[in-house]
Amino acid sequence: MSETEIYQRQGFGNAMGFGQRPALLIVDFVVAFTDPAQFGGGNITAAVEQTVGLLAAARRLGVPVAHTRVVYADDGADRSVFCNKAPGLLRLTEHAPGAQIVPELTPVAGELVVRKTQPSAFFGTALAPWLLGKQVDTVVVTGCTTSGCVRASVVDAMSHNFRPIVAVDGVGDRALGPHEANLFDLQQKYADLMTCAAIAAEFERL
Amino acid sequence: MSETEIYQRQGFGNAMGFGQRPALLIVDFVVAFTDPAQFGGGNITAAVEQTVGLLAAARRLGVPVAHTRVVYADDGADRSVFCNKAPGLLRLTEHAPGAQIVPELTPVAGELVVRKTQPSAFFGTALAPWLLGKQVDTVVVTGCTTSGCVRASVVDAMSHNFRPIVAVDGVGDRALGPHEANLFDLQQKYADLMTCAAIAAEFERL
Amino acid sequence: MSETEIYQRQGFGNAMGFGQRPALLIVDFVVAFTDPAQFGGGNITAAVEQTVGLLAAARRLGVPVAHTRVVYADDGADRSVFCNKAPGLLRLTEHAPGAQIVPELTPVAGELVVRKTQPSAFFGTALAPWLLGKQVDTVVVTGCTTSGCVRASVVDAMSHNFRPIVAVDGVGDRALGPHEANLFDLQQKYADLMTCAAIAAEFERL
Amino acid sequence: MSETEIYQRQGFGNAMGFGQRPALLIVDFVVAFTDPAQFGGGNITAAVEQTVGLLAAARRLGVPVAHTRVVYADDGADRSVFCNKAPGLLRLTEHAPGAQIVPELTPVAGELVVRKTQPSAFFGTALAPWLLGKQVDTVVVTGCTTSGCVRASVVDAMSHNFRPIVAVDGVGDRALGPHEANLFDLQQKYADLMTCAAIAAEFERL
């Protein structure tokens, strides 16, 4: 019996459903995560390119947009145990080149920029209240990495009771095995997977 | 270049480190998750068996123990979008046979029993304050499923700044592909992997 | 210069505003908090009476309703530092008579019952996601005590970005000085104060 | 029967107790909150002066120190319903003169600076994990205002299971009535009140 069959027989993998008031959450598309010499590689650059079009659609149609960046204090005072596993994260300070959102996705006025130090965009941040204030019921997620901050953010989006939609071609990872493995988990349990094109069509429809 | 090499070159996969004051967190070892006809299967039963010994060591040595159960209201009033993906979870009510902790791990007085409806043991629960009150710095995790509530709980444990240790033979999943894929992610980014025997030895040492 | 003038000159005390999708949150109207020999007294019984009518209006008009209870584990395993200040709270266990919602406000199917151990109805609970799932933007608060769990819940409701409305005759306290002092703070900074009658009229209008 | 007697008869007002590993939390001692023409006045300046000595003691003895600032985005993108009540808060942006910590309390390397938009220093911030990582069990609070961000932070500190200690001469408010009323509530239910001198003596002892 395949893994998909196991999940199907136990009643997982049903549709989350796209709600009525989506927002677009772009996770950690910063310079260091698009550079293979830092934390990037794999299909991340391709995911950025797909996100450019989706972001344009969101802006045109008034869909709320939030971006996340990993930002640690200049003196590392907010270092946490996450840095035990990956000490290089501490280089991502407010003005570090690697910590800047990639130029093609530069935030515009009215878009939320979430500074975070943990995987989830929601943990210890003001993201959930911001989305709530916009009456959002559906969180479309692009960004990187699929197996890291994207997944953690999707799980938290769902736990906050937003419907998560993962832009399957708008998320990327430095290594494709974890990318695929995490898409499987996300689709079975936490989110619907849709292409950026299909998501943009939903934005249009609403 | 292998996936492990990619992570290594980018500085992931370092040791989290075992702290000085561990707790044992047993995630969702309830009847329904050990029954292949409900949500169980795979290596979950084996993981329960390994946990029995680790729990005994924790109790003997005074290591704080917390258990989680998935519990929904009898009338389903607390249904959330998680149930869109997996509606069967709603059957796990306070007195449902499937929602009971397996007999060999029955909690004893002084152990925390966390009722939850979301993947993470920490989300919307009193677990983090309870651990904090016990001056815990390290959270040893057993339970199921590796690709579900275990992983979500480990990510949150780390985000709360506890050092997560995953009992590699004390966690299980209904399907082994996701089990292995998630252990890879956990080891690279969020936790150290140790056997129950090695963890029990640490409990002894402290 | 009076206190009200100080706040006014500094730009506090403006209207929060009643939104479009209210919920009713009834805080800790349980037997022990209506009994002057336990934790009750003052104007709490009067507040219960006013809440009866408001609850009837909410039910008739389909306004979501959530109730809170203070509930500690039978073995006190979830004792926290709050119990240092007020150890009697530990008597409020699942089946303790004092921990039951007063008969005239007994929850009906579909209403959320939040079990909590801390002052705020939101802290370590699933309340915010539940309200979010109902697309709520306004949280009407009745309950007790004004200076305790009501205030803490209002501050958290606002922090989650819900508009808090305090039912001025539906909240009560064991002592009237703190009741009045807290209504002043709530009105200046966190909530609008309205009578149950005016709130019911808003429910009708929406 | 006085209010104090009512609380005493119901078992409130017991000692919280000073733990073994304190931290110092300095809430919102920024320029705008010490300026009576903005959000200051009352006894806030006196509280800053008392905090100077306590901060020196904390630094000398290695007690962890965290500061909070209210900081909104330059474009107001993170505006929330709190700003309905007090729209002037939106002026407190990253580089606004009013949003800077007062010169005599300027943070030094290793101290955490928490940016927040809500009353509590803990809500939507990384403060609790940071304190946890320092094995803190006791949070000493100075700052302003007693009836606002100090109180909200104390309630949340307690909810996270830290023992809160309020520096009775290190907290201040724009108006003395709410200051006194909130100290009453804090002492009865959430914290011990101690002078800065007595707290410094505890720091010495530990």
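The chains carry the letters A, B, C and D, assigned in the order they are written, with residues numbered from 1 in each.
We take it that contacts are C-beta pairs under 8 Å (C-beta built on N, C-alpha and C of every residue); 3 or more make two chains touch, one makes a residue touch a chain.
None of these values were measured; they are calculated from a predicted model.
Peer 1: Applying the document's contact definition, name the chain pair with more C-beta pairs in contact, C-D or B-C.
Peer 2: More contacting C-beta pairs are found at C-D.
Peer 1: Comparing residue numbers, which of A-B, A-D or A-C shares more than half of the contact pairs of B-D?
Peer 2: A-C
Peer 1: Taking each chain's centre as the mean position of its Cα atoms, how many Å separate chain B from chain C?
Peer 2: Their C-alpha centroids are separated by 34 Å.
Peer 1: Taking each chain's centre as its mean C-alpha position, how far apart are chain C and chain D in Å?
Peer 2: 24
Peer 1: For chain A, which residues are shared contacts with two or more other chains?
Peer 2: Residue numbers touching two or more other chains: 80-81, 118, 124, 129-130, 133, 159, 161-162.
Peer 1: Tell me, which parts of chain D touch chain B in their complex?
Peer 2: Contacts found on chain D: 128-130, 132-133, 135, 137, 159-162.
Peer 1: Which of the residues in chain A end up touching chain B in this complex?
Peer 2: Listed in rising order, the residues of chain A that touch chain B are 3, 6-7, 10-17, 38-39, 41-42, 80-82, 84-88, 118-120, 123-124, 147-148, 152, 155-156, 158-159, 161-163, 174-175, 177-178, 181-182, 184-185, 188-190.
Peer 1: Note which residues of chain D are touching chain A in the complex, please.
Peer 2: 73, 75, 77-78, 80-81, 109-113, 117-118, 124-126, 129-130, 133
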